[in-house]
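The following blocks contain the structures, represented as structure tokens.
The same chain A turns up in both complexes below, where it pairs with chain B and then with chain C.
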Partner chain A sequence: MTAELLLQLLVSGLGMGFIFALIAIGLALIYGVMNVVNFAHGEFLMISMYASVFAFTLGGLDPVVTLPFVAVAMFGFGVAVYYLLMKRVLGGAMHSQIFATFGLMVFLQAAAQFTFGADYYSINHSWLGGTVRIGGVTLPMPQIVAAVGAILCTACLYLLVFRTRVGRSLRAVSQDRVAALTMGIDADRMNALAWGLAAACIGVAGSLLSNFYYVFPRVGAVFVLVAYVTVALGGFGSIGGALAAGVAIGVLQVFSGFFMTSTLKFVPVFALYLLIVLFRPTGLLGKQ
Partner chain B sequence: MSAPSVNKGLTFAGSPIKLRNIVLFFAGVGILYLIPQFLDGKPFELRLLTVIFLYAVMGQSWNILGGYAGQISIGHAMFFGLGAYTSTIAFLNFGVNPWIGGLLAVAVSALAGVLIGIPCFRLRSHYFVIATLVVAESIFLIFSEWSFVGAAIGLELPIRPSGWENFQFHRNKIPYYYIALTMLVVVTIFVIWMERSKIGFVLKGIRDDEDAVRSLGFSPLRYKLIAMAFSAGILGFCGTFYAQYVLLIEPPTVLFASISVIVALIPIFGGIGTVAGPIIGSVILLTISEYSRVHFSGSGRNVDLLIYGALIMVFAAYCPGGVMSMISSLRARFRKGAV
Partner chain C sequence: MIQVLKSIGRSFSSMKWPLTAVVAGSLLASPATAQETIKIGALYPLSGAVAKSGEDTLNAIKLAVEIINGQHPELNIPFAKTTGLPRLKNAKIELITADHQANPEIGAAEAERMISQRKVVALIGTFLSSVASTVSTVAERNEIPFMTGDSEATPLTERGYKWLFRTTPTSRDQARDFFVFLRDLNSKTDQKVKTIAVVHENTLWGQEFGKSMAGHFKDFPEFTLAVNIGYQQGTTDVTSEVQRLISAKPDVVVHASYDAEAILFAKTYKQFNFTPKGVLAIGAAFSSSAFRNALKSDANYFLVREHWALDLADRNPLIGEVGQLYQKRYNKAMDGAPARAFQAMMVLADAINRAGSTKPEAIQKALKETDMAPSSLIMPWEGVKFDAKGQNTKTRGIFVQTINEAPATVWPFDMARTKIVWPKPAQ
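Up next, the complex of A and B:
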């Protein structure tokens, strides 16, 4: 195995890793604020990918152009899901919380299958086609854009959560809900904001991903299982942890995909989840 | 192994079952055994009832772990699939009779359940759910690639003459009905017994407050493993039944996530943690899915899953106890009105 090949794998793993990180950050955000796992997270990704792909094939609009619109629309979708569904099950039994988002997952997946069939759709000849050669490494342009976009989005989210008043309120609710309520923070709005932001992140990830990944009804299932591993690795509820873990997993899956059949490349990633939660139930980088 | 002295003060016995209910139960079962006499030349109705019984059994088995012990699994397709593969591989490679293969399937699935349970039962709530998802998806991926088990193409069972000894019935499918019904009757009686035994009390205790159960001197892990072994073992036999009924198994039909969904949904819809819940859930949901299959046949559009998804959401948000809790609240209202 040459150094160049190694570098090639590493760089393309990093590119994918930032996308994984962006997906996982949304999951971590919802978990941090509400202590709920969004089982429909992958389907949010699927919706935004379909939106980007159809904007391209029907309207000729490149995902780079539609990205802000998809992100805003997904924000609205996330808020709607919170108010219409999640708000009702918040005080309920654990199994109704699990099944609320789980039902949403089944519903959205079946809705996509019903509307678009099981066919694979992808974007051909986007504005950002082609490859770039740096040193001995060849990189497809869409993946570079995806990595850069994911980093920018993560940075914005970081600034929002850690450097603004709204972000402070959000963190206050996630640290101590009751204390936050007594300080006059509207926890309900913060929950809705967490769902909106998480869905918006997914909107960005879906737009970026649609440039080089095909979309089909079950596309989300692949990514969301990886996102669970990422969140477990990074510490449930930790945004920085999700970023680091996403990148690490991106690299791991590229290497395992190189050494074994590509269908099985996620099996080591899944095994990693089990290992982590068994020994560190709050996540590898989470607080014990 | 010696029971802590605290346990001696506890008694485990449900209130005695009313004679009226026992009579009603066996009368109902008797009628169900007579029904095939009137289904001659009605293959759709025969198939519908057969799959309702099969899925009711599968729902009961999920309910043992998910409903009584409170351990929500979204990966139960793996036990169904393992059962189907076990008896089929035993038959294809070693000529093992499918009935014995079915017993092997029970053993393999129960063992797999225990092996998966030992690490995973350390996890609580969401983490356990995700673990079951991840394990089931891994098994699905591995079976789709593994040439010994037919990889993505799956395995086809060779056609043998119709007969009980071969567990295959071709022209006349009524025996499948009897087998599925018998499975349902046996499993239902088993669950009624289990619910009222010490195991049932401890499992419900684990669901409600695991730490309290531990403080009484019971090992939650041990009882969860017992529940898992029952749950997975029963599903293993269901897998064998499916393989003998359809005579073709492939990863997307026996190991896929949609089976995990429906197996969990049936008891949740009917009434989680109740004996009648899985039966009610199976009757309603399988009727929906079989009719939608007739009306949208061949489109591959999964209308049943669309309806199921909506139902899960609505029930989680508005009626977390399922149909059974609706019935009991209606009853309560009716009684109040009567006084």
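Up next, the complex of A and C:
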């Protein structure tokens, strides 16, 4: 057991952790503003990954180039989902909102399988395909970029939510929708903005992930369970909490996968989650 | 909460899929004749994480049914020149398909539904051994023959079931082939193999393969087990697994993985510059068309213990005929798993024809009496003959290596069309 190996595990864990975080942030944002859990979140990831992969295979465009376009397109998609679906069920009972996003998940998965088949697609030899070696530690480029992307994306989102007028309106709606309405804030627009931003985040995550992950109709389901745990661990609605929890989960699962059996590598993650909610039911950084 | 919603979703989608399956099944059946059809239920994963393999494998069964039902004077495959099954007044086979979503419980429920509502006379499937395990129990209880050409876990045929028949070799026999192959390879190369790492997924198939591998080391003392890693199927990343492999420094890695994780492992090996002398795998991934299409040139040089390869066509013309038909119909190359499923369907049809009846007992009796010659098979086997457990005893394995993005037979060395590339070049 060398220090080098421990460092390698830590770095690998951080790489995955930032991606978990980026996926979870969108989920946290929607919950924070609207108190709705988006069950189709994984499928948003799938759509953005398909977009990146097809831009590469059909148009020869590297995911780094298409990332902003995917993010903008996903923003539009998120806003459209809000106006066409979520807005209509918002007045209804809690479970009708859950079923709406759940139905959307089933629909998007089936639509992807119908359109693209069950085939796996992946990007080989992209610009970010290589590795960087520092000392004895190997750093895969896609994971470095994903980590940097995740940090930048979170920072931008943080600035937007906490340092701008729009962000203040967003927070106002999240704190008290009726009071925000009486102050002249257009709650509908804020909700749409939350959906758009969440989808844009996942667009960035999907673009970065497509550099080293395969895409198929159920790829969202692979990641989304981790995203739910991340959000719950970090505190529902907390962007900073999602970032911290995502990174913690990434590191923890790499270490437990290495030192325990691989099949049980998520057991410590769920154990940590249980432990934290026992003492802090709202999660690490959740609202009390 | 999520689990509850997932199960609701499952019941929704299991309502949707059988519907499409029934439509597909009735399209395959002859619409004009009023004659009774022979209903056979096929269970495969058509949605979920292994949908690709399920789709490719079921397609091969559909192709077999098409050849049996239609008239194909140009083909030399059994039942090609006639319509339907001759001894049943040329009755046609009606394939009723269902999606088990890689879920053993759904598989059992679908099998039950096919038997009680659709009145199938036999079942075929299921790709995943974990699902074959529950489906075979349903078949046994209902006394309906269940044929599997693609579920490999050894215990399936160790339970004393009377209605289960398996044409494909067990995972234990296949595990042994890795040692025989490596011993043979060691006698021919300087780059000798001493340490072996085993990496397997953790459903029934992978677990059994892992156990079988571990059990063979005592018969092959020149090899030692470097590390045995089981991983969760459908995992988000395999970084920790690959780090354990890097620390163990094995000469070769032997895999039991399905397509998705095979792609992920191959990508992660490359990311971390993990370059053992060879990466070997039990068939199902690492040489499948899904794997090759996803990875292109990065799919090269993986070695797979296969059952079948297109390049054996000049030894057996049936391989070329069926391979071409499959390519034409589905626009992709046929893999080993679809070829095995095709063969299983043909063996089942042969038994039903010999039985001259659709009574389950008659089909079971005919299956027990099956003794097919190599010349009637598309597999490079010595024949098909079942032992008392329902296991085909005449199978034979080959190793293929993907070279220039196409699988080539490289072992047994006397059968090889192409010379093995060893050790695996770093890419």
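To be clear about the criterion, the second predicted complex is superposed on the first by the 261 of 288 C-alpha atoms of A that agree within 3 Å, B and C clash if a C-alpha of one lies under 4 Å from a C-alpha of the other, contacts with A are read in each partner's own complex, and residues count from 1 in each chain.
To be clear about the criterion, contacts are C-beta pairs under 8 Å (C-beta built on N, C-alpha and C of every residue); 3 or more make two chains touch, one makes a residue touch a chain.
No experiment lies behind these values; they were computed from the predicted model shown.
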{"item": "Partner chain in contact with A:V267 - chain B first, chain C second, else both or neither", "value": "first"}
{"item": "Touching partner for A:S96 - first (chain B), second (chain C), both, neither", "value": "first"}
{"item": "Partner chain in contact with A:A110 - chain B first, chain C second, else both or neither", "value": "both"}
{"item": "First (chain B), second (chain C), both or neither touched by A:Y228", "value": "both"}
{"item": "First, second, both or neither for A:P140, with chain B first and chain C second", "value": "second"}
{"item": "Which superposed partner A:Y158 touches (first chain B, second chain C, both, neither)", "value": "neither"}
{"item": "Touched partner set for A:S122, first chain B, second chain C, both or neither", "value": "second"}
{"item": "Contacts of A:L85 with chain B and chain C, given as first, second, both or neither", "value": "first"}
{"item": "Common interface positions of chain A, toward chain B and toward chain C", "value": "39, 98, 102, 105-106, 109-110, 113, 117-118, 221, 225, 228, 261, 263, 266"}
{"item": "Chain A residues within the chain C interface of the complex", "value": "5, 8-9, 12-13, 15-16, 20, 39, 98, 102, 105-106, 109-110, 113, 117-122, 124, 131, 138, 140, 142-143, 212-214, 216-218, 221-223, 225-226, 228, 253-258, 261-263, 265-266"}
{"item": "Chain C - residues contacting chain A, complex", "value": "2, 5, 8-9, 12-13, 16, 46-49, 51-52, 54-55, 202, 229-232, 234-237, 239-241, 243-244, 247, 259-260, 263-264, 267, 271-273, 290-291, 293-298"}
{"item": "Footprint of chain B on chain A - complex, ascending", "value": "37, 39, 85, 88-89, 92-100, 102-111, 113-114, 117-118, 221, 225, 228-229, 232, 261, 263-264, 266-267, 270-271, 273-274, 277-278, 281"}
{"item": "Chain B residues touching chain A - in the complex, by the definition given at the top", "value": "66, 70, 72, 74, 119-120, 122-127, 129-131, 133-135, 137-138, 141-142, 144-145, 257, 261, 268, 272, 300-303, 305-306, 308-318, 320"}
